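Shared chain: subunit A. Partners: subunit B in the first complex, subunit C in the second.
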Partner chain A sequence: MKPILELKNVTKRYTGFTLDRVSFALEPGYIMGFIGPNGAGKTTTIKLIMNLIRPDEGEIKIFGLDHRRHEQEIKQRIGFVYDESNFYDTLTTTEMTKVIAPLYKNWDWAAYRKYTEKLALPDRKKLSQFSRGMKMKYALALALSHRAELLVMDEPTSGLDPVVRSEFLDILRDVIQDERCSVLLSSHITSDLDQIADYVTLINGGRIVFSESKEELLEEYALIKGEKSLLDSGLREYVVGLKESRFGFEGLVTNRAEVQRFVGSRAVLERPNLEEIMLYCLRGNGNDHAGA
Partner chain B sequence: MAPIDIILTNSGDVPIYQQIVDQIKGAVLRGELRADEPLPSIRLLAKELQISVITTKRAYEELESEGLIYTIPGKGSFVAGVDQHALRESKEQMLEEKAKELLAAAELLGLSRRELRAILNRVLGDER
Partner chain C sequence: MITLVLKELLVQKMMVGPVLLYILVFSFAFRNTGDAQAVAIVTAVGYMFVMLCGAWDEKVNADRLWNSLPVPKWQIVGARYLALLVYTVLVAPLTTAVLALLTSAGIIKAAGAASLVNALAGVGAVMVLASLFLPLYFAFGYTKSRVLNMLVFVGSFSLSTIVSSSVSKQPAWIAALDRLGGAVVAVGAVGLVAVIAVLSFFVSLKLYSLREF
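Presenting the complex of A and B:
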């Protein structure tokens, strides 16, 4: 299938930080989690996608179109939710929405009402009185109300309590049901992505560490715990990241199946979650697993 | 749609897709799912189970390759008519795998095959 979003060797240089040849693609109907530590380049990448800053090199295609030449058309079809959404604080939600709605050809008031109801957003309250979480919910309702085919979200769940976060994730699950819309979601709350992401892209220091389906990641990596003597019997070459204690070690290994055969019953292998994969990949002993 | 319960666990070592395969397979082999009964779509299943579409897709592909379900593009997936002979064989195969696990457990505990047999006989005796 043709990707809905495609980045090829996208590079952006700042003094002290370079986003270095970032490439990944997302097909319609899937949710991609975009993870990495603070300052890794998540927001820079998202700003590039949204054409808020210009790349020095590389190519970004959205819906198969060049993201700068067809910016107007593309933006009609994108829903954008980001960390510090700017609204006119003196307006109520309804007033603000009346300003925004005409900007979209496909604005859908019925959808807007549905989502504001679902997210319990008051329509007569001034935006200045909204909490961070409420503003985020409002931004989400707007993003979902113009039949967008791509939702780009920068840390959307960070200010939300667990109940609202769960509602939020449910809505995203609904959104991808018709196989038309995709979601790119950056987050450092990896447990959200454990639940909903189909693909996960990890970025660190301006470089993509991996961009794979969660299914493949869980097939490839395993969390391993065992006696320290095991490490020096040849296990080390599989180890991506390691934590040693006085009583043993815990680490992340690649080639799960091979390691399983190698250690037999001498160690415990467990399914890692995304947080563990991310922590060990970043903690690691080198970058030799990059692109795996 | 076929009435089926799928219960997933995050503990343990069995991959999620395999858990789905095992449970649908179980329901087919036990005769709870009948031939040509429609299965939930991979997207619906993923949504309801709160897992990735890629996982449910993989589970269905696995079931399809084992001949337990079939897919009609644009219509969805259905339970395949399983022939009785193959059914019997597949049941035996499932049990054989369990028996192998049992043997492995016995070895891990340092029990001999004779001791394992004795335990098995005891359990079978209790059942009578």
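Presenting the complex of A and C:
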């Protein structure tokens, strides 16, 4: 199947930071979690996708089209939610929507009403009176009301309370059911992605660490705890990230099946979550010792 | 494009609503400017509109929104020029009416200034001023362009002082314009303002296209 979003060796250079040959692809009908620490390059990548900044090198294709040459056509088919509201506080949602709706050829008022009702968004209230959560929900309603085939979201759930986050994720789950829409969701909150992501891309220091299906990641990696002597018996080559203490070690290993055979009953292997995979992948297996 | 013009006017409801109040305030502020009173009022009110549009856009980082939506850059840029034109064309007759009312009530003396032609000259003046400022705004954003705006403003007033002192000496070119007749001069002035605005639009568009958000 042709990817709905494809980045190939995309590079963007700033003084003190380079987004370095970023490549990944998203298939239609899936949610990709885009994770990484602050300053890793998530927002820069999303800005490049949205053509808000220009790449120095590389190629971005959306719906199989060059993202700059076919910008308007592509943006008709993209919905977006950013980490901050960019709506005018002096306007009500009705006024703001009346400005935005005519810009989309496929605007669907019925869908808009459905989502605003579902998200309990008042239509005569000024946006200045909206909480952050309500503004994010409003942005989501707009993003879903023009039959978008790709949703691009930059930290939409950060700063939201668990109830609003859960509502947000429920709607995304519903949207993805029709298997026509794909979602690129950048988030710090990996527990959200544990729930809904099909694919996970980890970026750090401007470079992609991995971009894989979540199930494969969870199968491939394992948390391991054991005595330090085990490390010196050849386990280190499987270790991705490590915490050592006087009493032993815990860490993340790759090649779960092989490691299981290697350690037998000498260590405990557990299924990691995305946060643990991210933390250990970023920590590395260098000299980072925890405990004393 | 019309949607974007509507947006500019909607966002500036606070400028559209109390516009009468602004005209009144400026009527008193510019009461000693003679026939140029209406020109000065429309220019001041119009320029406030330009600056406040920029301030609101900066406040909400609106460039990120508009450039994420399916809107070509020429429409984003053009809407600002067009909205200003629409706004000041609406303000011009209001200014004439307010000045006429204040004069007939004996509150101020603005008999000569209270003409629609004078007010429309204000539309031209604000379009020229905005044509100087907007390329800076679209190139650098509101915060940086505000500093440069001071230079534009001071430069414009210095230039207008030079021009008016030159006109008061009745130079040959004024006599030549007089011979052409009012209608020809008016058409020429409108044409000149239009050329300046169109050139400014293309410069703004070029500079805006180079920006990153």
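The definition used in the following text is that the second predicted complex is superposed on the first by the 285 of 292 C-alpha atoms of A that agree within 3 Å, B and C clash if a C-alpha of one lies under 4 Å from a C-alpha of the other, contacts with A are read in each partner's own complex, and residues count from 1 in each chain.
One rule holds for everything that comes next: a residue touches a chain if its C-beta (ideal position, glycine included) is under 8 Å from a C-beta of that chain, and two chains touch if they have at least 3 such contacts.
Not measured: the values here are computed from a predicted model.
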So if we stack both complexes on subunit A, do subunit B and subunit C clash, or do they fit?
fit
According to the stated criteria, A:102 is in contact with first (subunit B), second (subunit C), both, or neither; which is it?
second
On the chain A superposition, what angle, as a multiple of 10 degrees, is formed at subunit A by the C-alpha centres of subunit B and subunit C?
150
A:70 in the overlay: touching subunit B, subunit C, both, or neither? Say first, second, both or neither.
neither
Which partner chains sit in contact with A:52 here, subunit B, subunit C, both or neither? Use first/second/both/neither.
second
Quick check for you: in the superposed arrangement, does A:173 touch first (subunit B), second (subunit C), both or neither?
first
How far apart, in Å, are the nearest Cα atoms of subunit B and subunit C after the overlay?
29
Touch list for subunit A against partner subunit C, complex:
47, 50-54, 72, 75-76, 80, 82, 84-91, 95, 98-100, 102-104
Residue positions on subunit B within touch of subunit A in the complex are 10, 13, 15-17, 43-44, 46-47, 50-55, 58, 108
Per the contact definition, I'd like the list of subunit C residues that touch subunit A in the complex.
3-4, 6-7, 10-11, 13-14, 56, 59-62, 64-65, 67-72, 212-213
Of subunit A, residues touching subunit B in the complex:
29-31, 173-174, 176-177, 179, 195-199, 213-215, 218-219, 265, 269-271
